[in-house]
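Below you'll find the structures, each written out as structure tokens.
Next, two complexes with subunit A in common: one pairs it with subunit B, the other with subunit C.
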Partner chain A sequence: MQAETQSDALPIDEPVTVAAGGPDVLLAGEREACATADRINSSVELRIRRQDYPTSAPYWQSFRLKARPGANIVSLLMDLREHCVTANGEPVDPVAFEHNCMEEVCGACAMLINGMPRPACSALIADLETPIRLEPLPKFPVVRDLMVDRSQLFDNLKRVKAWLRIDGAWDNHERAPRVSPQDWAAQYLFSRCMSCGCCLAACPEFDLGKAFVGPASLAQVRLMNAQPTGRYDKAERLHAIMGDGGLSDCGNAQNCVRVCPKEIPLTSAIGELGRQTTLQALKDLFGGG
Partner chain B sequence: MKGADTGRQVIVIGGGLGGLWATLAIAEAGHRVMLFSLFEVMRSHSACAQGGINAVLDMKGQHDSVQQHIIDTIKGGSYLANQPPIQSMCEDAPGLIRTFERMGVTFSRTPEGLLDQRLFGGVKHKRTCFAGASTGQQLLYGVDQQVRRLETEGRVEKQEWWEFLSLVKDADGVCRGIVAMDLRSLEVRAFRADAVVLATGGLGQLYAPKTTCSTNSTGAAASRVYQQGARFANAEFFQFHPTAMLGEDKTRLMTEAARGEGGRIWVPKDPNDRREPLRIPESERFYFLEDWYPTYGNTVPRDIASRAIWKVTRELGLGVGAVGKQGAGERGAGERGAGQRGAEESSAGESRDRVYLDLTHLDRGFVSTRLGAILSIYRKFAGQDPLETPMEIFPAAHYAMGGLWVDYEKDAATSGMKPGSPRNHATSIPGLYACGECDYAYHGANRLGANSLLSASYSGRVAGEAVASYLSGIEQGADAAPAALFAAETARQRAINRSLTEASGDQNPFCLHRELGELMTTKVGVVRDNAELDAALSGLRELEQRFERLVLGESSRWANQSLAHARQVLDMVRLAQVIAASARARDECRGAHFKPAFDLAIPAGKFPGDPEFEAYRERWKSNNAEWLKTTLAEYQPEGPRIGFEPVDLGLLAPEQPRDYR
Partner chain C sequence: MSASIQNPHFLLRRLHSLLGLAPVGAFLVFHLWENSQSRFGAVHYNEEVVGALQGLNYLLLIELFVIALPLLFHAGYGLLIIRDGRAEPQRYGYLRNWLYWLQRISGLALILFLLLHVGLTRIAGLFDPAISANLFGHMQQALSQPLIFALYLIGVLLAVFHLANGLATAAIVWGLTSSAEAQRRFGWFCAGFGLLLAALGVHGLIGFLILPTAGVTT
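Presenting the complex of A and B:
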């Protein structure tokens, strides 16, 4: 996991740790009806930054639970739902979190794990330093616990017009133009972006209240502008990223490309867009654009 | 095109491929769409589809034809699906691909820059368009982007983070809207709609955790409309995908394209052979699919591949799965180790349940380009590289062929579906349509690989067009429906929430879900038996009763996930009863529904013309006379009432038994 090696690259708040109880605390309260107990492996401590409401103060809770073979953060949080008791033996509400595909393709479960933004489903417990710190993905408003509101991300896709303009979703009996295998290979890298938000969480320039659209949306501009018919609206997309909050707000920290779980070459996209916007500015100035 | 403010109001529930296609078709017809989803629509389970989408483009010099696609689909489904919808779907598939291409979907390319196609199961032609091994994700994003564009034009309004709870029907039984719950504020309220489209996907979570399905593929929404009177068809036909990597939390799909591109399935001939797989010479490997089905080999249809793997591991005791192979965490679990090989232990521990899916003999660059997405999943979750060592796989719950019963209008001129008919994809509740995996229409008793992205997309568009026709025929919209209807249904749903929130029993909803998955996996799985099914039905009734002793274990009034999940699990248990009861009612083997007690079994080594085969063909035909019919389930409080209706076989009469040898 590339992300683990960089766990010091990003500033995080120091967790206010609740004193951890021994493993016996959890075992004493474990529900017999659940079939997890007989397949348990090692005991893991989770320290989770919780928040009850969008406007309430966050607080930390520790949990100690058994990790089954091959367990990941999502599977641990799922186990925790069945019997949610803190390391101090206090029964509490289950931790709210998002998950869906559990194979790193839907983007739902991104969170901060030991300070790194990454999908929780592919964060295997065996590869993580313990105690494991879980926090909601930064830069986005917290909904509850580890759930955040990523609607900004989708608003930004609207802002940069990340689509191809087609006459309608019907068959007009025409094929789209050909795409060379080389162009396809480059485009496919960007079309695998699952809008998880990790790159935005890691970006020093992206934040609520700041205008920067962020690397994910910029990469989609790169993708759409390279499509044979997407080129028709290239100028419009470039104009959308040439003003406030556009491309020039990128500070070149390169955090985005380091945390992207899909290894999308985000900084290359930003570099290419730099050249495209420069040309566009010249066209705008001298006409013919 | 009419402006967005002149059309009628439609609700689409579900934002996967089916729901998004329906949304596009309805909005383009000039109606307003409110799109409900449990989460941001681009996270829908369509994104998990890997291998491809079928359409006859005949790009490979193999003389492929639409007619052959129709025949393959009909026979792949053991003749159980009505044939007019299959015909129309296969005919329209190339046009759908062209449309996806215009949306900018990154389909993989030939050296000439044209759409590449590859082989899939149950067919002889390279017919499957693909985008690496993440085709579903790419198709989903294509339509997601188009819907986002319509959103900015005010023609579509998304209601993400809302859960559908129930329909609002008027005195005539016509659907006039829905009641839904905001998953954050927990507000329950009604929404009026002139038509409703359900596109809520599959139900693999009934088999959790041994399913390839996402955690939101619960089938709860389909169960809810079933409980409100919509008929449910062919529920017993549920596909187990032969090649999933086992995991404690989920079984992750390894696409059929792995075999389509040349991957081979095998086990060591000697059950005591404990060598590393690549140290086992060719002559000591048992390529059982190639051996048993020389014509189709590794690309037999999924029901057949899954049963073959079942036989090899559970009956012949040849399964593999050495300790230290699967999952990074499992590397430390050495104490379960050596000496457990052999038939006796194989039934005891699931570590003996696997077979090899081998890509190591293929060109590494080729495999990386065409299957990169699954290589990445296997590396991340199993800690091993499929380019270096064979994958270990086993069948897992994957896809519901059955679903909500939907109508169609047959076009006498073409023998396909009549385009634009308001009957197409209409459920048995007027004003309610269903499309995608939650309907039952195209796959009969077994779905062919890469036909699901096709049926999801196609049926979404057809349902959308049908809704537009339906709306042009109605005189009064939902605005005219009395407010009391909506108030009453809202009050009923709020009362359910209240009773769940206040429940003070001892049954945890997440534990009940786990028990449901275990029950379904062990009793309503790949191989079925009437005594087991009876036990399943009584077990499910007992599970349902235990909801009376529920405790949520969560008191929050904000984004309470236990509340939403408890409601889902109860509806899942009721849907599981439909599956078990439908399976109990069908005493035969057909496609994915396999009851050994009723197996007709093709005589070994005998082929058409041989007397033994012809005698088999007669047995097969008389069995069809009794059982070639659609199963229909109707909700009754005491349990599903099962009936049947005939299948339209107008295109291809069942003369040829399925035979992939």
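Presenting the complex of A and C:
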């Protein structure tokens, strides 16, 4: 930890010196990061779409600042926060943005980076075309600058009943249900969803004020329906996604699966749910369990 | 909580999908097949193709319930679906997103084309019996105008695309193809089906313009 802090403070142009007791692996990685930072001249131009409050008009501001070795969008925004001065030299209010885990598992920092929705923490400066354009994640209400209100995501998970009922009439004290390695491997893919909202930003059918729950929630229905405890409520979940704004609103543009940072097979989930809802409709029409 | 068959939304969406395949899509295949026989000449076309169909019992009921009403529902409900989408094919230039966008554009264009097409043939035939009696001559005259031929060519190709792509997405909607691999595989199958059907359709259009080979007129 100490080695990291020390090397962070190093000027970019100077070669990294081996810190006493510092792990060699880390330093090797940093040397490589220095090389990429040098390649992009270490100074980057940021264009940020800002918005002062939820109902005010958005506007663009340009910034020019030095990127540290291995910098990503979040770390760059943190640096910007310390001296928030535009490219014209005008001091402005710090840019509001969200971040949390810094390892692409929490989903808080998703935004439009050069026009594409992705988590900012895993967007490395060295890999991006400059000037870098940052915009708030579309389809969600802007709170301020790059910060959006994504409570819709949670509401949609509730609408499709994406939960497990573990308190039920049956015996809850039995051992954990057995899952085959094949099923486990398939279900694991869907469990990686971090509710970042990138799939919803790219979905042509999902938007503010529209009923569609979007691919993220649908994939959780696929996961919960296959889960040994969750499968007891399969019919209820299917009925939920057979209502307004459910599965039928999907237009099969399949942008979701292309932009998902966790590579979740969202379109497979939609295909599987298509089959499950077809069978459920037949059961509802003709009876049978 | 009541959905599924108590909820009209799910049923209407599935009905829209189903009717697009059959009878509307099935009729398109049949229609292009019938008209591909244009190259056998006026006598064969007017008597064996059009004449046989005109002699069908309950023709008006069939036209109404198997073609017109399903088509009207598919088109009308399709307009409602289109209203809700925003494709952004420039930003998300993936093939499926382009197809999503094209499916909607072609649907809109087809409504206009079908107004022209049905007006020029079936509706015009109601007012002028000479058109129904010699549909070949009527179509030959119409298609020999470059503008009408171009409109028909675009109309046929868009209709074929709309069906082929609709077949691929309906397979996902109904759950025939669930894995991404299966969806891709069936997508290529539909592309092949679309190319064949397009060839059949264009062949039928050109058939009106070429002179029939001697001896093939019956």
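The rule we apply is simple: the second predicted complex is superposed on the first by the 241 of 289 C-alpha atoms of A that agree within 3 Å, B and C clash if a C-alpha of one lies under 4 Å from a C-alpha of the other, contacts with A are read in each partner's own complex, and residues count from 1 in each chain.
Just so it is clear, contacts are C-beta pairs under 8 Å (C-beta built on N, C-alpha and C of every residue); 3 or more make two chains touch, one makes a residue touch a chain.
Computed from a prediction, not measured in an experiment: that's the story for all the values here.
Asker: After the overlay on subunit A, what do you see for subunit B versus subunit C, clash or fit?
Answerer: fit
Asker: For A:Q280 in the superposed arrangement: first (subunit B), second (subunit C), both or neither?
Answerer: A:Q280: touches subunit C, not subunit B.
Asker: With both structures placed on chain A, which of the two partners, subunit B or subunit C, ends up touching more residues of subunit A?
Answerer: Subunit A has more residues touched by B than by the other partner.
Asker: Please work out whether A:V259 is in contact with subunit B alone, subunit C alone, both, or neither, and reply first, second, both or neither.
Answerer: Second partner only.
Asker: First (subunit B), second (subunit C), both or neither: which does A:A71 touch?
Answerer: The first partner, subunit B, only.
Asker: Looking at the superposed set of three chains, what is the minimum CA distance between subunit B and subunit C in Å?
Answerer: Subunit B and subunit C, overlaid via chain A, are at closest 14 Å apart by C-alpha.
Asker: Which part of subunit C faces subunit A closely enough to touch in the complex?
Answerer: Per the stated touch rule, the residues are 1-5, 7, 9-10, 13-14, 81, 84-88, 91-92, 94, 96-97, 99-101, 169, 172-180, 182-183.
Asker: Going by the contact rule at the top, pick out the subunit B residues touching subunit A in the complex.
Answerer: Spelled out, the residues of subunit B in touch with subunit A are 21, 24-25, 28, 39-40, 42-45, 47-48, 92, 95-96, 98-99, 101-114, 131-132, 134, 137-138, 141, 143, 145-146, 148-149, 151-152, 184, 214-216, 247-250, 252-253, 326-333, 369, 373, 376-377, 380-381, 383, 461, 508, 510-511, 514-515, 518, 553-556, 558-559, 561-562.
Asker: Within their complex, state which residues of subunit A touch subunit C.
Answerer: 115-116, 202, 204-205, 207, 210, 212, 236, 238-244, 246, 248-255, 257-259, 265, 267-268, 270-281, 284-285
Asker: In the complex formed with subunit B, which residues of subunit A make contact?
Answerer: Residues 31, 33-35, 39, 41-42, 52-53, 67-72, 74-75, 78, 81-84, 91, 93-94, 96, 98-108, 122, 124-127, 143-144, 147, 150, 154, 157-158, 161-166, 168-176, 178-181, 184-185, 187-188, 191-192, 194-195, 223-224, 227, 229-230 of subunit A touch subunit B in their complex.
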